[in-house]
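Next come two complexes built around chain A: one with chain B, the other with chain C.
Up next is the complex of A and B:
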């Protein structure tokens, strides 16, 4: 086993109860997580205006009638009775019709209008879909399901519609979705067309590209975000642990040649006759990297339809960015994710705007779980290459497994000052949930025992409150 | 005309001729052997049986449109433990007993480790004291939670318990596991207050 293999997310974890191999069945979790059905799971990517038939088959809903008809035929002939024989004729006619018919063609033109393609989080965005039958045959039973992006919930109307469409006829339906942070692409519209008897059906996906991009604003009054004691010598606004130039009184000391005259305590000199220099608390700029654990396994929540730990982490990171840059620090963004994700530390209006869009729309920070596992070793190495020795790391992770907790401990051991903000995704509804909560608590306790500050951020509180609660026990 | 349609046409035509031969006196120009109706009847009944079997065993192929109304569901930490626990058969059930016992023993051992670590981390026990407390059942006031670690597989060993489990579907292992997990969770409460 190579080093890389040893730390691949979801595949190789230290066996806790919730993690242990004999209690894990990936398919179970996948089934539970996928609240959406299978029709669109393998749906192809379809260009706008194109129609791709995914499936064409017989529904077999007339099997029962066919059986009864044959039974009537057999009994009628055997007993020389006319009634069952004639009755079987009707059944055979129905079954025969279903056998010879084919599903109607699907040649649809779809036009989707998104009322506000750049909404604020929480806005209700109306979506209107107009479907026109471009085929030369009537579709007697047409069911439509619009391709709402995975992470958007429908809050009004329904993305489903049924219609009978003659050649050239159109039908329109609308619904509204609740905007969430991120860049979303609508999938193609799925159409299910059946013949009159419903014996055959054709499933097709009709391409129509629409997007919705929701970029939250930074909070105007973010809570102070604590960092760890800093030893690096860049003048800035972080109160360091040494005296020098600054604004806050730190200490007095005997005058040394070269001290600026402006820092000489003349009153004391007049009183005692000794030259005394005033030291102020030196304020320093800190480089901070906000790093998000966005592995597939980190997309967890206390209940299936609450915001995930990743979603809360990025919201918290947005607040942290606003708070830290307001305090004069350089702030960057990274992720422990399958793919590279890095925004170099900086500040100022341009960097702020860049960070706002980066946090909202970078694929690695998406609210949708990534398809691939994350090689944590490789992701950490990538990150370490980006971090300078004096960069503080604020890691956002639900700490749902030992892998990230071990990585934090290793970063700390290598001299990086790490603060962990952990959105709590655990619940107490079942035995398994209780076990997972107990294990997470132990991980937090273990990190704290190494003097690594951990902000345990409960689902029902805002980040500011969690920071205040944590600072009671932690002095940076 | 495709083969399916051709076959249907032949079938319908044959049926019409057959019915005419049997029921229309004018059409009795052919002397039909008495075995022919019997043969037709047998073929129809066999076909009905085949069709009926297919009807009973086939799964509906109607397309179930995907749910699009709600955001895709997130997992909850520990779901996989619950899935595995749900698969463990009740006490006294037959089939795969050895494997089920193994899974239960492994789970119990893992939960025991968690209990010990929790007692050490949050209650100030030494590792040895914690192990002793768990094995003796003195770590909690909850008798169900205590009993989970005091029997080799964490479940009732009495005959009455096994019989009750067999007939009622009651799952003492699961109930005790839930109590134990709940007690462990409570021991760690307040750690982050």
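Up next is the complex of A and C:
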């Protein structure tokens, strides 16, 4: 592989610029990963495949210094003294200084090490960057800015560094970012190299791919998540509201032809002479779809420093998934979002891992608001095609507008049992916010009046507490 | 829950401030032979300092021009030539270090480690200024020693350099 092939932006190349970044065998960085790299098989990697684009321009910083020469000459001639005349030499010399220094070489090798490529949310992850000058000459003025992913905040140190690098010398700097839920790619490192006078500046982007994948674990002891009453066919663990084969006594009824003999209540038959069958409470497996409202307008928070309703919803969804699958249900994931987002209901270890990564990294569930508006009608239609008739829907929405409240009512009317979990994003600081808060309360009251359970989840409360509080007046 | 994120402070580093103020003070001292010039120079040092603190190139340039003027003023009276040359050189070094500190601050921020970068830059400029000062002073001594041929030769050299610069 030659250097030229790796320079993606050929337009910016000028003759004589020796630029390259170095392709390294991924294996030579693999050992720098620490032991925890093995947690996720598909987690990342500090890896090679560098590209460089170089742009050269003059900084024009010495322009106008010649004015000092004129000033000196003028004062010298007017006062008929030698010293100012000689001082004017500085003006001339520095006007020429910028043109005689040659542009610096940009031939850098960048190596970035992410201490923990698979952290938990909130962890501080140390990032170490080493830059080596592979050119034959010294870079007298090198300014480095690392490409930290936009959504990750720096919590310690700074991703910027200044250095003077002789041939073969290297410099190292480190900083720490706070891990957020999601998958992140580091951008290339921007290097600004100046010659010794600062007259010429070369800007290069040295691509060094590293990624960070922050996938929250499921809670080990999730609170029980309530569902609505269910009448379906598959045997499972949810106590259904119907009689049949099971463990718990449900009712007795008249014998019908075909009833298994083991369920005939012989004592009662002996007493009355009529055959009677005992029905037990049937336990069902329920298919549940966790649906998230991630429209742009749903990215709301009481204040800019608090997690948004979507962020809380996904965290709540993670808990709900853990709780519901533990109870033996099949759980899937969907979203009311501009783009398709669907994970078919299931359970078991494979599905669990799949769901964990899906919840953490699917673009539709990202903490960043989407660029496009969502057509709620179309998103609902898409969702309905995915939902089988007996699937229960757990909808996570801040219920900040009527549109989604109507959708919930419509889904419920179509026979999908809906439970709404609504992270409360309202604030009380302004009159407008108070009105929005009131409107949201009315929407919740309206849904509850249609017998749709709504969990109103306050910002400073954990989901388990909100569920218990709501369950006191639960009417499945 | 609030997280303490690092914010980007784009002000120039303390190193840059020191590298600007020290040569500026040297220039002011060099012009101190003439009292009015010293007063103007002191004002200029103040402007330069404020210029670096506020990352203002405009104030820096203003301060440097005023400082240079003060040095010339001292030179036009009775100050020794060596002092004037040292003062003029130090003025250029101060302005260069100041503007460099502003761009470094803008690109890398105050938190980044930029000491070596700024010191090397200032040393290079100081070196050039020293060479210019020594050559100028040497020419002055030789020419004032009653050897007009040296003066003519230097004039020719200057003309050559000038045409080279205009060409490039």
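Convention: the second predicted complex is superposed on the first by the 272 of 476 C-alpha atoms of A that agree within 3 Å, B and C clash if a C-alpha of one lies under 4 Å from a C-alpha of the other, contacts with A are read in each partner's own complex, and residues count from 1 in each chain.
Please note the rule applied: contacts are C-beta pairs under 8 Å (C-beta built on N, C-alpha and C of every residue); 3 or more make two chains touch, one makes a residue touch a chain.
Everything numeric here is computed off the predicted structure, so don't read it as measured data.
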item: First, second, both or neither for A:219, with chain B first and chain C second; value: neither
item: Chain B versus chain C as contact partner of A:99, first or second or both or neither; value: both
item: Partner contacting more residues of chain A (chain B vs chain C); value: B
item: Partner chain(s) touched by A:142 [first = chain B, second = chain C, both, neither]; value: second
item: Partner chain(s) touched by A:459 [first = chain B, second = chain C, both, neither]; value: neither
item: Chain B versus chain C as contact partner of A:82, first or second or both or neither; value: both
item: Chain B versus chain C as contact partner of A:117, first or second or both or neither; value: neither
item: First (chain B), second (chain C), both or neither touched by A:153; value: both
item: Partner chain(s) touched by A:305 [first = chain B, second = chain C, both, neither]; value: both
item: Contacts on chain A seen with chain B and repeated with chain C across the two complexes; value: 59, 61, 64, 67-68, 71, 75, 78, 82, 89, 92, 96, 99, 143, 145, 153-154, 158, 160, 192, 305-306
item: Contact footprint of chain A on chain C as seen in their complex; value: 1-6, 8, 61, 65, 68-69, 71-73, 75-76, 79-81, 84-85, 87-89, 91-92, 96, 99-100, 103-104, 107-109, 111-114, 116-118, 120-121, 124-125, 128-129, 132-133, 135-137, 139-140, 144, 158, 161-162, 164-165, 168
item: Residues of chain B defined as touching chain A within the complex; value: 4-5, 8, 11-12, 15, 19, 22-23, 37-38, 40-45, 47-48, 51-52, 54-55, 58, 60-85, 103, 106-107, 110-111, 114, 117-118, 121-122, 174, 177-178, 181-182, 184-185, 188, 191-192
item: Of chain A, residues touching chain C in the complex; value: 59, 61, 64-65, 67-68, 71-72, 75-76, 78-79, 81-84, 86-87, 89-90, 92-97, 99, 140-143, 145, 153-158, 160-164, 173, 175, 178, 192, 196-198, 305-307
item: Of chain A, residues touching chain B in the complex; value: 15-18, 20, 22-25, 28-29, 32-41, 55, 57-61, 63-64, 66-68, 70-71, 73-75, 77-78, 80, 82, 85, 89, 92, 96, 99-100, 143, 145-148, 150-154, 158-160, 180, 190, 192, 201, 203, 299-306, 308, 368, 398, 400, 425-442, 444-446, 456, 469
